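The chains carry the letters A, B, C, D, E and F, assigned in the order they are written, with residues numbered from 1 in each.
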Amino acid sequence: MWKNQNLAWRRRVLRSLGRAAVLFAFALGVHGAEAAGAPRDASLEERVTDLEALMNHTAPAAVHRASRVSVNAGDHAWLLTSAALVLMMTGPGLALFYGGLVRSKNVLSTMMHSLFLMALMSVLWILYGYSVAFGEGNRFFGDPGQHFLLRGVGAAPNLDYAGTVPHQSFMLFQLMFAIITPALISGAFAERMKFSAMVLFILLWATVVYFPMAHMVWGKGGLFNWVLGGAIPALDFAGGTVVHVSSGVSALVCCLVLGKRLGHPSTPMPPHNVVYSLVGAGLLWIGWFGFNAGSALNAGALASAAFAATHFATAAAALAWAGLEWILKGKPSALGLASGMVAGLVAITPAAGFVTPAVGLLIGLLAGAACYFAVTKLKAAFGYDDSLDAFGVHGLGGTLGALLTGIFADPEVNPALASTWKAHGATVSLAGGFGQFLHQLKAVAFAWALAMAATYLILKAIDALIGLRVSEEDETLGLDLSQHGEGAYNT
Amino acid sequence: MWKNQNLAWRRRVLRSLGRAAVLFAFALGVHGAEAAGAPRDASLEERVTDLEALMNHTAPAAVHRASRVSVNAGDHAWLLTSAALVLMMTGPGLALFYGGLVRSKNVLSTMMHSLFLMALMSVLWILYGYSVAFGEGNRFFGDPGQHFLLRGVGAAPNLDYAGTVPHQSFMLFQLMFAIITPALISGAFAERMKFSAMVLFILLWATVVYFPMAHMVWGKGGLFNWVLGGAIPALDFAGGTVVHVSSGVSALVCCLVLGKRLGHPSTPMPPHNVVYSLVGAGLLWIGWFGFNAGSALNAGALASAAFAATHFATAAAALAWAGLEWILKGKPSALGLASGMVAGLVAITPAAGFVTPAVGLLIGLLAGAACYFAVTKLKAAFGYDDSLDAFGVHGLGGTLGALLTGIFADPEVNPALASTWKAHGATVSLAGGFGQFLHQLKAVAFAWALAMAATYLILKAIDALIGLRVSEEDETLGLDLSQHGEGAYNT
Amino acid sequence: MWKNQNLAWRRRVLRSLGRAAVLFAFALGVHGAEAAGAPRDASLEERVTDLEALMNHTAPAAVHRASRVSVNAGDHAWLLTSAALVLMMTGPGLALFYGGLVRSKNVLSTMMHSLFLMALMSVLWILYGYSVAFGEGNRFFGDPGQHFLLRGVGAAPNLDYAGTVPHQSFMLFQLMFAIITPALISGAFAERMKFSAMVLFILLWATVVYFPMAHMVWGKGGLFNWVLGGAIPALDFAGGTVVHVSSGVSALVCCLVLGKRLGHPSTPMPPHNVVYSLVGAGLLWIGWFGFNAGSALNAGALASAAFAATHFATAAAALAWAGLEWILKGKPSALGLASGMVAGLVAITPAAGFVTPAVGLLIGLLAGAACYFAVTKLKAAFGYDDSLDAFGVHGLGGTLGALLTGIFADPEVNPALASTWKAHGATVSLAGGFGQFLHQLKAVAFAWALAMAATYLILKAIDALIGLRVSEEDETLGLDLSQHGEGAYNT
Amino acid sequence: MKKIEAIIKPFKLGEVREALLDLGAVGMTMSEVKGFGRQKGHTEIYRGSEYTVDFLPKMKIEVVVGDAVASKAVDLIIKAARTGKIGDGKVFVSHIEEAVRIRTDERGEKAV
Amino acid sequence: MKKIEAIIKPFKLGEVREALLDLGAVGMTMSEVKGFGRQKGHTEIYRGSEYTVDFLPKMKIEVVVGDAVASKAVDLIIKAARTGKIGDGKVFVSHIEEAVRIRTDERGEKAV
Amino acid sequence: MKKIEAIIKPFKLGEVREALLDLGAVGMTMSEVKGFGRQKGHTEIYRGSEYTVDFLPKMKIEVVVGDAVASKAVDLIIKAARTGKIGDGKVFVSHIEEAVRIRTDERGEKAV
């Protein structure tokens, strides 16, 4: 009785809030539909077995019978912590890392790329992004309306994705990835893209590149999903193809389509505040523990392994980059060290939960060296103006990591590798080797192709529609003033 | 035998430390009085039921019988993490957010407001603050001596407040709230208040406003406590009235009593470093997950719901503020986006554990818009100089959030709403609606009244005693040099 | 079959990577050798007892029988979070704290000291550092080859060190301590040491001071280990002797051997950016919760106690330092407050898990005052140039804390104190008192002696070999340009 | 033409600018400088080491004007910048031989 | 000797420097200044309070040259600094009585 | 009166100040500038792009003194600022027609 009145009241309030409210009221009405049935009796032994399962980070067998406990608080604590860490990577982490690298007249606009996306991507996510990425659908994307306003995403774990934590927390954790990925691209078009064009670009890019890629690699039934029935099982622990290849390759297209910054390369454009970039790099390293070890989706041994591989790869890549500078240029630079860190973090991302710390170290060394040469030689050779090296670090580092994952994936680190392999027959080997290398290659190639084609088309469309670049005058004045009407530093 | 010698030795050492030591020795002596009796036998079934209870974030029934396990490590991990996150909101979060907004000659004094309170409030807390807030007492405040030097606050959970984590950790988590609340006020009197007056003001304000408000809303038997027997059950998940209304309204009184900064409004006083403010805002967003999702006091489904509502409200409010700027001023600013974030975080605070993500989004939209107009129109219309908009954002955002909580609170998100409601009879509805709206209104009105009256009286008293404002000369020179004898930037 | 092919393939790839690969292949081959035997049957009661044990943060008795669950996810979540927090202390925490204190021409080189060590120490750790510190060996150091490339450090808990989390996570947590300790020293030689000499120095110092000290105090069978059979049981919860005495005393030797900075003390060398230092101090405070409360190695009551003692000591020390400035100099400074925080954090480190919050407060007060006088009077009296007061704060604060731990250690806070005490007979008392004070004194004296002797010899050797100091010209130009070829700030 | 250099207290910048605008000046150039003079500096303390900062933040305004208005300009600046307290600053006047507007190549008084 | 002071748009610094080098100048000194002139400033908004920034960032180049090359130098600077848009800046020339190279104590035109 | 402008190496500021004080100067004004000269700049590298920084940080000291002491002042400054290494800087002397102390309206040599 009262409840109905209550709902009616709420509806009255909402109606007065205009058209948008219709959507909300709908969502409010359907919320929580997934309530579980009343628990049936379970024997004491079953109950103990259920507890043991949960403490081993597996959904209790009891879930379809009479689940008394469904969330492992330790797993959940780690997942929530990780979600916070991953968001911290974008703001303030990436915002500072990128913001320090540009000239002082563009620092706010560059940070805005990251900070605005924290808001924008969250809204896309709740509207259709999560549905496209993790809803049920075909092998390319999920049903865009399935989780509209997050209906059906509640307290109960989603057994397909993360059996011991609330589905809602899994959704939140994944959102943080959807936020940082497009923000990474912004390194390529910093200091010259119109803010309105940036917003439109990311909106479309997320819709046709990120959400589908996430579905293909991590979504149930996705083309490249290695545990939930993908035709081409590709290993991507925390986002080598989904996050780094997709963003890094799109970044390359961005700087090619937008063209160079005024004055590049004749005028030097050194970072206006390297301290910011070092702080940003530090926060990225810390936050990346949430990114990679959080991708275990529980606080078990796999999280530990991913944490370790991440850490040693990062250390090794930092030493590789700074060491090469030392050898080749005579001095190791702080920015070089920080760049190496990021390169290592990128390359270990797809591999983190599949390889030993020693292999992590090796991947880091290779990534540090490869990205160093990409940024110093390749960019110079081809002459594109990748302002903050989004392609050199994320595109190439991600590609390298994704391919090496195929070679070094180790069932002793991640036992799921062994079992899945058998399920797929002898020709499919997930535990490293040439077979898996080919799967990785296909997934990477697909990600390259999708990112290049989609980015190119979207940019061309936006250019025709509203223009991509700010005017020469605005670029000279700086984007902070011309796009946002504010200056970062005043006395 | 030896133990007595040991105590004697300790006392000897302590005595030599002067009069203060007497208090300490007393505290040392009584510490740990709450040791549990020896466990009595429990059946295997009882033991399993106890484990299940604990894993479901409830204190085992066994606690009065033969508790073998009393802390859920997952809940505890999340609570400790949250406590750290909430402290991070004050230092460096708020310190940077506020510090960036002032002129460079006042940045240290502004950061000092936050950092000094991290120390000061902690000492008040251990002396009497925690006792007043969470001790047993009347409906307005707890017995100030009950937990002197934290006696009686030990390893065993306090079943009234948080049944699956050590009482001590609950106390720590709550302390972090007591730290940030007065620090929020400092935005109103920045750039002109004497440091000594600030210290005295906060000391008194915390004593007569914060600790009692916390008791009334969250303390056992408090007037507005909705689960532990309050006469006017008001919902305040993580501090809408306790934290934001109380600080924001007091902020308004502060800027009215102190008067404008020299030169305001004819001389523009733009932020000296917007980058700092953006970093601060990012850290506030991250830290607020600890604030709101930590307020679930465990790592269960409620933490997940609070995390989600917080996140989407913040994103929506940021878009609302920046969007309004874009529409009305032609350009969305980075500082506007960041201000919107804070507005959303504030408004969702009382509602976080009671509403769905979709409602969170709605609250965020409303808060972003409301605070935008408060800061741009209201302040200009009334002409007070709220240096950093503590009232416009915290006072109004907090009020809005507290009232909306009454409307949108949803028992499907927080089942406790339904059960408590029944316990209070049909006239009392906690699950949203007009009845609850009235309760919220009363609590908010009470908080407004208390904050206004107390702040006014305290300020007047201090003004008479030692003066509130620095001299004109000191204000011109800057508070960093005049109050603290140091300059922030040197070459 | 396939597995062999797979290994062969991996080896083929690796061989082509040159000589280094031999080491890796070896490590890869032996990885995971510690696989447990198949579980034998356990009764239901045993299984419940095992779960209870684990939830009480103790390894299940079952581990040698038929362990079904071996990791407490809550404990693990807290340990991983703590590891991330401790790394954050170094980068960006310490990097910012120290970086702000130097002149702008040396900020990158100073931050580089911290950031480079994040990479360097990690590599030493995986090669032999962890083995020397925590491997089995004699009372002074562990077998350097035991855990080469982390073999034998896997998912299973190490029952000697941390029974409810993966051994690998314990190793990671300890690594973060090995990173920050040498970074602390850098405060003493900032603004004048050659980068190459710094690298060589830390490499040797970690090898002969840090890893052995960690073994002696925390390693199984170490000379000063109080729970695993040390001859002189010294209490050092989170690193009073291991971290702060060792680094602080070495810092003193460094500034004596290197000599003063050009212009010291006639030319004032004020911090170039106090804001950075305040942010750094804030991050240190937050991160230190991981350092100290994480050192409980689980999320039980001890973590709560360590968290509380840490927090109140820090608050008290900050007030003590700023208060002394207020009384003696007329103004409390922001940098003074921050310095007090660090002093409190340092002094409570050895005591954190052994003392009550009230005693924490007391230790903080003493540490704040003691370090204040060390930095203002002692340094001036002796005239050494400890650029950033690494000795005054860490050397003296650590010594004070380590000694006070002997006096105030309380079995009601840490029950292990009582039990171990009995095991050693009546003459050995771990629970505070004169007996334990003597043990502490011995350990501290040993740490002083080792740090002084080793640091002196290493520095002299490096000076002879490649020289310790940059040229006068380079020092005048600044280390950022002369050592790293980059400037922090550009327009 | 004359170049007037005025070293003033920073917070007086607005008033001096207004005064010059009232005079009809259409251009001026300003820079942040540090001044040493009778106004004694302040003491700062960093971790116990106390030292005096003698150089205080000042603002330097440079304006080139025609000979005719120079002395009027000086008077106006002085009036606007004065607080009567020590440290108010100085005005220096010197001769400028040539002035050119870069945009148009106009020379002499037309250019200022 | 003459002192040439040129107030230019910051991004023109490189070109002006090249021009002076071409002339054979071996030294110059540059500082960041803020200019007020016909080029109107821009509006900034912080949390709803809008205000005009009249002083725009400019670069001041000071170069002391021998009398012989002064007018040539002025012309080169003007050419290099011109965009033709308002706000291009000014050049002022004044007389220098003595110049000394600190290192060698050389005086006069040898010193510049 | 004469204006002495000295462009010196930043770390020599203290000594130059002392020298001027010894002479009896009671005021001076200082600013941070960047100098280009024979002293070659240094190379910086950011992510592989190497470039030369030609403009080095210098300190400019301006002091207006009576005609009588001008040459003495120049000598003292030179002595104090010299390291003998390239890049020591320059001193320029020019004529000042009028000086005014804002606070008191004192004019001429009394004002400096």
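The rule is short, and it goes like this: contacts are C-beta pairs under 8 Å (C-beta built on N, C-alpha and C of every residue); 3 or more make two chains touch, one makes a residue touch a chain.
Just so you know, these numbers come straight off a predicted model, no measurement behind them.
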| item | value |
| --- | --- |
| Between chain C and chain F, the fewest steps along chains that touch one another | 1 |
| Topological distance between chain B and chain F, in contact steps | 2 |
| Angular offset of chain A relative to chain B [C-alpha, multiple of 5 degrees] | 120 |
| Between chain F and chain D, distance of the C-alpha-averaged centres to the nearest whole Å | 18 |
| Approximate Å spacing (C-alpha centroids) for the pair chain B, chain D | 49 |
| Whole-Å gap between the CA centroids of chain B and chain E | 54 |
| For chain E, residues contacting two or more additional chains | 31-32, 44-46, 94-95 |
| Touching two or more other chains - residue numbers and ranges from chain B | 44, 48, 51, 72-75, 77-78, 81, 270-271, 273, 299, 329, 331, 333, 335, 485-487, 491 |
| Chain pairs in mutual contact under the definition given at the outset | A-B, A-C, A-E, A-F, B-C, B-D, B-E, C-D, C-F, D-E, D-F, E-F |
| Contact footprint of chain B on chain A as seen in their complex | 2-3, 5-6, 9-10, 13-14, 17, 21, 24, 27-28, 31-32, 44, 47-48, 51, 54, 68-69, 71-78, 80-81, 83-84, 87-88, 91-92, 95-96, 99, 107-109, 111-112, 115-116, 118-120, 122-123, 126, 149-150, 154-155, 165-166, 168-169, 171-172, 175, 195, 273, 276, 299, 480, 483-491 |
| Residues of chain E that touch chain D when the two form their complex | 2, 6-8, 31-38, 54-55, 58, 60, 74, 77-78, 81-95 |
| Residue ranges of chain B in contact with chain D within the complex | 263, 266-267, 476-477, 481, 485-487 |
| List of chain B residues in touch with chain E within their complex | 265, 268, 270-271, 325, 329, 331, 333, 335-336, 339, 372, 375-377, 379-380, 389 |
| Complex interface listing, chain D residues touching chain B | 11, 14, 42-46, 53 |
